[in-house]
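Heads up, the next two complexes both have chain A, just with different partners, chain B and then chain C.
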Partner chain A sequence: MWRQTLFWVIVSCILFYMTIPAIVVVMTSFNPGEILSFPPNGFSLRWYEKALTYPDFRGAFRTGLIVALISSTLALVIGTSFAFLVVRYVFPGKNLLEGILSSPLIIPHFTTGFGFLLLGAHLNLNQTLTIIIMTHVVLVLPFVARAVYVSLLNIDPNFERSAANLGASPFMVLSRITVPLIIPGMAGGWLVASILSLTEFSASLYVTASRTQTLPVAMYNYIREYTDPTVAAVSALLIIATMLILMAANHFLGLRKILAIDSH
Partner chain B sequence: MNTNNSGHSVDIVEVTKTFANVTAVHKVSLNIRKGEFMTLLGPSGCGKTTLLNMVAGFETQTSGAIRIDGKDISDVPPFMRETGMVFQSYALFPHMNVFDNIAFGLRMRKLPAKEIKAEVERALDMMKLSGMEGRRVRQLSGGQQQRIALARAIVIRPKVLLLDEPLSALDKNLRLQMQVELKELHQKTGLTTIFVTHDQGEALSLSDRVVVMSRGEVQQVSAPIELYTQPANGFVASFIGEINALPKARCQKSGQDFRFEVCPEISLNGRQPARLELKDGQMVHIFIRPEHIEIAGPRHNGANIVKGNVAAHIYQGTHTQTRVNVPGIGLVELRTKGAAAIDQAPLGSEIALSVPLDEAVILPA
Partner chain C sequence: MSKRPFLIPFLVPAILVAVIFLAALAEILQYSLREFIPGSLDVGGFTLDNFARIYRPVYFKAVINTFVLSLATAFFTLILSYPIAFALVRTKVEWVRTLLILLSITPLFTGEIVRTYAWMLVLGTNGFLNTMLLDIGVISEPVTFMYTRAGVVIALVQFAMPVMIIILATAISHINTDYEKAAANLGARPWTVITRVVIPLTMPGIISGFIVIFAWTMSAFATPQLIGGGKVLMISNAIYLQGFSALNFPFAATLSVIALISAFASLALMKLIANRLERQTAIH
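Let's turn to the complex of A and B:
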């Protein structure tokens, strides 16, 4: 009995430790005062109103959304082809690619951002949506490729053989068997990619300008000038939005599938 | 689904398959007749699946030819070969329900929806699956999945039915039941069938003919009874059923009388084996099945009597397997009805065994 109690105490402690920063930010966002301070000394929703109406945030959110949708979709297309290549074909360098897919990334985000800043200047693309999207594709690609890679590996090759045996041409096998079976992986990869893109900061800082800034960059710029809790309110809204997206995904696709715990 | 008389023949001609450094199948030649139920039997890794995969087109042979109705199909891609394969893991499509699984092949053939529905229903009926159309395949038991996999393969009316250990994932009772159903299905459809198994009982009870394979090579192709009573070599003799392998014996021939000297103290009388011309002094291997050895009376001292000590009794309900240590031969297994032997020949006691060679298998050493 006490073992179970101990187990739950430990689990609660870990959960608390992991969520404490978010809890502090959310609590601060309700602070009626003009100063970012913790703990709050009252309750007010005024900073939420400010967050939702402040033009910089509105613009940045729109830009961020466009960037996230386009870059994660591009990453999905590229990552899926990449995963297919690695799983289905034998070619020189295959092991290297497979290694990249299955190990954590080694290039820091700010390096990627800095690189694209220099490249953008050279190509005359600086601070355009194009260069931001290019940057984000690089950042989220591994996550999409990895999600699809895992779901492809999990497909029993006999499913495809069986379909061919029953008369399905290679195209039919792909469209009726393979793709439907990796859809959860693709959806999961795409979702993780868009959330990452939406909240990415360090690389975006290099490649955006005030006209094209994404939400995290706008928040950073805001906090450099003002000290009121609006940024905390934006953070809380982002957390809620992310949670809603994940809950919807869970409802329609099943979180097990999204997280590739159970591939088919 | 009555496709009687629509069987197709399959000829496998000198087929070899070499992977990077293993030869999985070596110069295999088989002629499978129209409507025949042919079983590939052999230990794990002997190349059964590889051979089946080459017939289905999933693997390309390194050399040799495969013909259906006399036409070489080596260049025909898998999806145009019209073979119906049932995989060991069934490979039912997890994202489709039972109906869609069975209808898959018909849809690929672009049959009208009404016809597809009728065909699928007929297949469901035949496999005793009616009413399961809408079920997800994951919710079904092993036996049901097995039937669906079979229904999915036969509904396209394949030229050959290829079954890769389809019963090995089922528990014993279900396996016996499915054996019966498989046999009935074969009789009803008349489909030429290649069945893979490493279970010799299954092979003997289901097949018209059995191919015994070992290390990628064919050891023997025979009807079940012949396989059991006249194995072509030592491998087949010991692989099919249980058998005692006696030490190498010297054949002493005088006229029509044969004696086999197993060791200086033991000589057994025998006769000319069916397919082997023996010469005087020739060395032979003698194999004898446990059910052909008997416990002789205590004072028995005639021909083909050997003596030994009882080492173990293994009681198995219908029969008892008794292990006797015979000096000069080693451990000899015999099988007697019921449990009588356990009282008759207590552990450690000396008993006499009668070892007639009438039904023994005698092969050149």
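Let's turn to the complex of A and C:
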């Protein structure tokens, strides 16, 4: 019994370490003073007001949202069709293409960002939305392709075979049988891709300019110039939004299923 | 009728993305071989001078620092994630499981900047941790966490834990619990069951988690930049300094090539060690 208790005490301590930054951010965001203090000496929403009206954050949030929506949707289309090829077809250069497209998982984001900065300069697309979206598509593509790949492996090929035997054209089989069966994987992959794109920082720092900066870049610039808790308010909003999205995803899609954790 | 009706339309976009990505990487390689013209963003002719410069102690130190910090982060992440992953898989109480998943996965999706900023608030001289420790009376003067390697690792480990927990939980969920029951029935103490049965059976997960976190930490940028504050220099920070402060794009590109090579080389090295370890544990 004491072993069980000791185990749960250790688990609680580790969880405390994992959550303390988020708790401190939320506490700080309600702090009335410019200078951070613990425990807070009051309650105020002034930093939320400042965060929500600060033009840089508003612009950056809008840009980030546009970039995330376009790049995760492009990644969904490209990643789904590529995952389909990987699972169903054999073609020359398949392994090479798979290796190149999944290498952004290993290649540091700052390297990818720097490469796209140089490429953008070369193509006269320097720090435009086009080059930012290209960068984000490359970075989030492996996550979408992976999610769809797993769903494709899990469908029973008999469904597709019987549809084809009953005279459905390949396009009919794809649109009426295959795609509906992998919708959960596509939705999960798209969700992960858009969150990753919204919060991506290292590569975005290289490919954006102050006109086209995304929210994490705007927050970084703010932290370097000011010490007041405005960024704490933005962070608290982002943490709460993320938790709500994850709770919804857990409810509708099952996080354990998305993450492939299941006990026997 | 072709047997592979979707091959061409599905292949073209994937190839296009791959070509664009390779072009971006090729730009880095190209720049790394160019001459730097001070005060100008244009570059000169081809040269190998940039690669000769990386032997300077400051850059050599950044490479070593990156390696050591990544190793330390992967190690502590493993130690702290294992109990959480174990609890997550084995608890029978549904709300505990949901809580564990939400608390351990959320940090993964909040992004580098939010997490780093949060740790700055915790670790600062007048931050949460120092205030607490001073209040309790454990310390009489604030401890410096900011601008130290320890501070950077404390933050990096917390970011790395969600990924490690997912990998370990998957490995633990694949264990057949009969092995543990058999060991316990034969008189093994709980601690022995953990060290002799559970941990060896999850060795593949432990190894792949360690490698993933090691590679991941090598590409950390915001945390050493803000918490390290220029005192803890990783390759990523050296590249940023060269690119954006010195505006020396050719040398920044050279350091990026070094970052790429060291990432792939250490991954290959770790895979080699991992294969050996796995063969050894398989024999037992």
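Here is the rule we use: the second predicted complex is superposed on the first by the 211 of 264 C-alpha atoms of A that agree within 3 Å, B and C clash if a C-alpha of one lies under 4 Å from a C-alpha of the other, contacts with A are read in each partner's own complex, and residues count from 1 in each chain.
Everything below uses one rule, namely that a residue touches a chain if its C-beta (ideal position, glycine included) is under 8 Å from a C-beta of that chain, and two chains touch if they have at least 3 such contacts.
Predicted model, so just to flag it, every value in this text is computed and none were measured.
Once chain A of one complex is fitted onto chain A of the other, the partner contacts of A:G167 are limited to chain B, with no touch recorded for chain C. Of the two partner chains placed by the overlay, only chain C lies in contact with A:M219; chain B stays clear of it.
A count of residues in chain A touched by chain B and by chain C gives the higher number to C. Residue contacts after overlaying the shared chain place A:I177 against chain B, while chain C stays out of touching range. When the shared chain is aligned, chain C comes close enough to touch A:T28, but chain B does not. Of the two partner chains, chain C is the only one touched by A:L85; chain B is not. Comparing the two complexes, residues 170, 264 of chain A contact chain B in one case and chain C in the other. Residues 4-7, 9-11, 13-15, 17-18, 20-25, 27-28, 30-31, 80, 83-84, 87-90, 98, 100-107, 109-115, 117-122, 124, 126-128, 131-132, 158, 161, 166, 169-170, 173-174, 176-177, 190, 215, 218-219, 221-222, 226, 236, 239-240, 243, 249, 252-253, 256, 259-260, 263-264, 267 of chain C touch chain A in their complex. Within the complex formed with chain B, the chain A residues making contact are 156, 158-159, 161-170, 172-173, 176-177, 180-181, 264.
Of all residues in chain B, only 56-58, 77-85, 87, 89, 91, 93-95, 104-105, 108-109, 152-153, 156 touch chain A in the complex they form.
Against chain C, in their complex, chain A makes its touches with residues 3, 7-8, 10-11, 14-15, 17-22, 24-25, 27-28, 35-38, 77-78, 81-82, 84-85, 89, 91, 97, 100-101, 103-104, 106-112, 114-116, 118-119, 122, 134, 137-138, 141, 170-171, 174, 195-196, 198-202, 205-206, 216, 219-220, 223, 231-232, 235, 238-239, 242-243, 245-247, 250, 255-256, 259-264.
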